[in-house]
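Letters A, B, C and D mark the chains in the order given here, with residues in each chain numbered from 1 onward.
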Amino acid sequence: MDILRVEDVNKSFGGLRALNNVNFSVEEGTVHAIIGPNGAGKSTFLNCLIGRLIPDTGSVMFGDISLTGMKPYEINQVGVSRVFQTPEIFGDLTLMENIMIPALAKRDGEFQLHAFKNVASDAEICDKAMHMLEDVGLAEKRDSIAGSLSRGDKRRLELAMCLSQDPKLLLLDEPTAGMSRADTNNTIDLLKRIGDRGITKVVIEHDMHVVFSLAEKVSVLAQGAIIAEGKPEDIKGDPRVQEAYLGGAHL
Amino acid sequence: MSLIRKPFNRRSILRAGALGGTALAMPTVFSSRAWSQGYLNEPTGSTVTLGFNVPQTGPYADEGADELRAYQLAVKHLNGEGDGGMLSTFSSKALKGNGILGKKVEYVTGDTQTKSDAARASAKSMIEKDGAIMITGGSSSGVAVAVQALCQEAGVIFMAGLTHSNDTTGKDKKANGFRHFFNSYMSGAALAPVLKNAYGEDRKAYHLTADYNWGYTTEQAVRESTEALGWETVETVKTPLAATDFSAYITPVLQSDADVLVLNHYGGNMVNSLTNAVQFGLRDKQVNGKNFEIIVPLYSRLMAKGAGENVKGIFGSTNWHWSLQDEGSKAFVKSFGQEYGFPPSQAAHTTYVQALLYADACERAGTFNPCGVVEALEGFEFDGLGNGKTLYRAEDHQCFKDVLVVKGKENPSSAFDLLEIVEVTPAAQVTYPPDHPQFAGGALGTCNPGA
Amino acid sequence: MDAILLQILNGLDKGSAYALIALGLTLIFGTLGVVNFAHGALFMIGAFCAVTLSRLLSLSFVTIDETQTDFLGNPLKVETPYVEAWFGPETGAAIIDWSVPLAILFSIPIMALVGLFMERGLIKYFYKRPHADQILVTFGLAIVLQEIIKYFFGANPIPTPAPDAFAGSLDFGAMIGMDPNVIIYPYWRIVYFLFAAGIIGAVFAFLQFTTFGMVVRAGMADRQTVGLLGINIDKRFTFMFALAAVVAGLAGVMYAPINSPNYHMGMDFLVLSFVVVVVGGMGSLPGAVLAGFLLGILESFASMAQVVALLPGINQIIIYLVAIVILLTRPRGLMGRKGVMES
Amino acid sequence: MLGLNKKDTSLFLLVLVLVVLAPFLLNPFPENSELAQFNAGYPDLMQRFLIFGIFAIGFNILFGLTGYLSFGHAAFLGVGSYAGVWMMKLLTMNVIPAIFMSVIFAGLFSLLVGYISLRRSGIYFSILTLAFAQMSFSLAYSVLTPITNGETGLQLALDDPRILGVSQENGAIPAANLFGLAMRESYELSLGGWLFTFNAGYYLCAVVMMIAFYVAVRIFRSPFGMMLRAVKSNQQRMNFTGLNSRPYTLAAFVISGMYAGLAGGLMVAMDPLAGAERMQWTASGEVVLMTILGGAGTLIGPVLGAGFIKYFENIFSKINDNVLYGWFSALPEGVADFLVFVIHPFIGKGWHLTLGIMFMLIVIFLPGGIMEGVERIGRLFKRKSSDKDSSARASAAPAE
């Protein structure tokens, strides 16, 4: 069953057609990768999914909910989380707080005036945050300020933030960009581990090593349109993909 | 500048009884009505403290500085230093130059910032911290009314300083407050006959009015008194207090068929609106076959200085001017001039006289008790403090005296010689019944000694 | 009709003051990214340059005239300005009379120096600090500057008239065939408007046609990149700060005859000029000029008796009302780029 | 205690002790000494410390936590004051209804202003709030004179109805009171050369301020407070995390508006007059200065900042040359003249200059405000006493 179904989505900026009749669907419980050269419209596409941009035409269905026109926080509340290309975290807050906020958002909804509860005595949320930090290996830094983390740690933190919401669909925008090989492998392991929880994942990735380690299905986006789709090994040999990447040697 | 070298000891002896290290708790007396027990801040030592609350920051700071100079001079004279100033010309001879009731006069100063809130805070600190028995000063009606109400509540005397709005002794009058300055009504009443003589009975007036309380009462006063002699009021327009450029208000005057412009403005507003009006050539204009004229109901020398050349030939009224030739004025100008090197402003005169009058009232009452002072000042008639025979009316605590109609001087001989006296309007002509509609509402209440 | 024409004239005049201040403000914001609350103080200092020069020119020596007496009855001290003694009474008087235009030359080096000291001594340490800190420190500086001026010149306005040649007013109405005396406008205000237009033109031409200006404009668009090109952008920005100070100062010098300068005139203009900058669009120079004129004209119309009769108090709040409407409907301002300062 | 953790409890108790003992602490100099000029322990100023403390605490909930810099908070204080005086005119001189209505009206007004202004952020938000406040001030000063009494300020009159009280007692307006306890009632205690004043109004302010402070601490430590800090840190992320930041900021705005109203209500309870100037943008600027000077985002910083500014305004403005000569009377005349000459520009009418210089110095050298200074001194002290602590600093955390 498809958890996400995108139909005929178009998006232009001025004269530039960023997305051109994109049709796309993701099967529940799978890992689906989107690859494509720079400027192919990958990030625009993700932005259309999470409400940061509103598509000019077309529809985005999440299960039987239409995401088109919904506000970003509403989209998140129905179960879509996103990890950004440059980590979006709460840089002035501690790691614990960084995780508690999404956890609270999941439990209490988009707005709750808990002005008199003590956040530190909310055992459920604290435990959950602690577990998440342990999961991503940041437990010992729980009281550090998130802004002081290394880039790799920030990514892991952001991932943990998203996971703490138990999303139905997790969108990952180049989760390993700029990481060392070792860090990349760690991240792949981590993502595989969370695959066990049955979270559907859409990954945008440059690094084919990551794509082929994780993805069950791959879509290729070039110049705003999906030009190929299929199992990773099929995509590898597709001439159109080769061409789109203009001799991308690492294929 | 003269500096008085006196160590500053507040209520020093007042607490002397407690000096042995014994702790006593005593309720103070701020609110109960037990009159015979004394009164708030009763001076029990050898000194008495007065509170001079003047604008030291903000646009009226220069006026405040002049007020403060006059107060310091008054304190000197009261304490028997200097040449005694008006003490020698004052018709009441109760003051002997040995302080007040034998107590040396000391003072504290504060900054009103020309804001009601700040002025009250400053007055409160003088009353609560420094033990001031009387508060005086200020340079706007809003401040005067606010501080007057505070002094009534607290139980000290308030001598109002510069405040020209009718309300100070009209709907906002208070038993503990007295005003020496004249008011909007008096300005109108004094100006009208002079204007009639100078400009005729058939005039069309256009009013620009500062959009706040004082502006309203002044506009009303001038309008009513000029209409009474046949003038027509074409239009009255309110201008924002914050306005600096009045061109947008001046140009419509050109379009109307008015031949007189009345600027109910004071301070920076007046300087700017008058400057703008003259720049727009209003005074060179002929309307209805008559020369276009501008009137500024309330003049002050400091403002005239700010407007420079533009005041030449423009009528207005003022409380007092240093060129007056009566003995009292001459004595004051001399002693102020010797002290500071320039002649005093009307603000300086008002505050100097008020300090003296308060001291005199204490002497005559034989007490600092505000209720005694009020009794001594109510209905008090005197002479020799400038402006001729003067009455502090009991019904509303307004002072009635001659009002000066002045005009910007064409050929000033010095930086201070900016206004010339056109007429000294006798007190009788500016006197009004206490229940005059412009002063309706409010009540004095009863005096409050705060004890 | 003529009433409306007059209000447009008024608005242009008021608008040129707003535009000049806002121009410098937005120049500083656009180049340096600094919110400068002391900009109004620069305008005020400019006006006091005119006051200072006229005082300097009227510096006098004292002779005692035994035949006359002063108010205390002492022999009168007659003051004769040195310039009158040196150049003869007539030339001397003319020099004093022309002190405001002369102050333009006098103020340029002074304002440039003030700007230089401000930027090198204080502002440059605040480039990386939050806007709130910039506002606070420049606000503190504004208070200090105005208190210093107050200490030396007092709180009272100081009349600083334009040369006699510019007294009087131009009968516009008669020129365009209407009745005489219906639309007259003071010469000095016309001079002010032309002067402002000239300054604005000069600043734009400078930014448009010089290499220096191009680098600065590039820096306004993207500071890092220009920095990477190896161009010492900091030095140029210092120059821009000084330039902005000179523009504000000149606006002040020429404004002195319109309203007698006082120490708080900068604060009076500060809030308004910020509103002008925001309405025009933060960092947009043409926006600042356009918004300055627009708000000047709107303010003039709102002060018409007919309008006030319809909507009491509108003349007090029109500028703020416009600011609110613009910010809600077009948050980047009239001509601003999107996303500037939207934290 | 009271649902606070140990550290907050000790902070709360410290503030409590300071507030209760303020009449002693603020009058450190004996009555007769020259330094008595620097005593601040008289009722009006002590009340002002607390009232502006409340105002700044409230402002800090908005600015310190969410980073939204409002330049219009004085308007809420003003609206609160007007509401309070009207209650005293119409209903009773008991301060409770007045304070209550102040909070309600300020809350409603801030809801309106906040709803509109919070559509924008950054400096645009600041300008919107500034515009609203300036409009309120201009109108209150002029057109709204029938409601606000304009320039003079709204005050009580002998012929006010006061339905639940009396219009006048023996020709005087009755005193503002709390169930019969007049706010201006004071007890004075003479101890040796010292004089201490204990004022009923001050202690009412103290109780209210401790409640306000307690509520602020709870908000800082609550999930709501954490969300507000998240707004400041990264509003984007917040939105993509399923949180609607608008109601959070609006709630913070209204809460801080209500704090401002509370301050306004207390102000009229202590001194029943509401002047329009309290709504001017400079008054809003003042609370911004207080908060940043003290340390934005810290719990007691804003209170310290408020105290700092009010102390300057009330104590420095009252020092005149006469007082200076009193201090230096022991010195030779020439030296005294010189000292007075040097100090003269900074005192009395020059207190603005001193204040301006202080702002600049603090912002330049202590960006975190007074609290950063305290922290630095504390650290210095710690380093001296034990070297091993020197590295452990990171968790000293942002919210102190």
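In this section, a contact is a pair of C-beta atoms (placed from the backbone, for glycine too) under 8 Å apart; a residue touches a chain by one contact, two chains touch by 3 or more.
Just so it is clear, the structure is predicted and the values come from calculations on it, not from any experiment.
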item: Fewest hops from chain C to chain D - one hop per pair of touching chains; value: 1
item: Chains most often in contact, by C-beta pairs; value: B-D
item: Chain nearest the overall C-alpha centroid of the shown protein atoms; value: D
item: Identity of the chain that, by mean CA position, is farthest from chain D; value: A
item: Between chain C and chain A, distance of the C-alpha-averaged centres to the nearest whole Å; value: 53
item: Whole-Å gap between the CA centroids of chain A and chain B; value: 74
item: Separation of chain A from chain D, taking each centre as the mean of its C-alpha atoms, in whole Å; value: 46
item: Whole-Å gap separating chain B and chain D, where each centre is the average of the chain's CA atoms; value: 33
item: Junction residues of chain A, two or more chains touched; value: none
item: Contacts with 2+ other chains: residues of chain C; value: 316
item: Two or more partner chains touched - positions in chain B; value: 61, 211, 238, 240, 242
item: Inter-chain touch pairs (all); value: A-D, B-C, B-D, C-D
item: Sites on chain D touched by chain A in the complex; value: 3, 5, 218-219, 221-227, 229-230, 232-234, 236-245, 247-248, 251, 255, 394-395, 397-398
item: Residue numbers on chain D that touch chain B, as the complex places them; value: 31-32, 34, 36-37, 39, 42-45, 48, 138, 141-143, 145, 149-153, 155-159, 168, 170-173, 175, 182, 184-193, 195, 197, 271, 273, 275, 277-278, 313-314, 317-318, 320-323, 325-326, 329, 340, 348-349, 351-352
item: Residue ranges of chain A touching chain D (in the complex, touch as defined); value: 50, 52, 71-73, 76-77, 81-82, 88-94, 97, 100-102, 104-106, 108-122, 125, 143-145, 148, 161, 165
item: Residues of chain C touching chain B in the complex; value: 2-3, 6-7, 9-11, 13-14, 17, 68, 70-72, 76, 150, 154-161, 168-169, 181-186, 188-189, 258-260, 262, 264-265, 268-269, 299-300, 303-305, 308, 315-316
item: Chain D partner contacts - residues on chain C that touch it in the complex; value: 35, 122, 125, 129, 131-133, 136-137, 139-144, 147-148, 151, 271, 274-275, 278, 282, 312-313, 316-317, 320-321, 323-324, 327-328, 331, 341-343
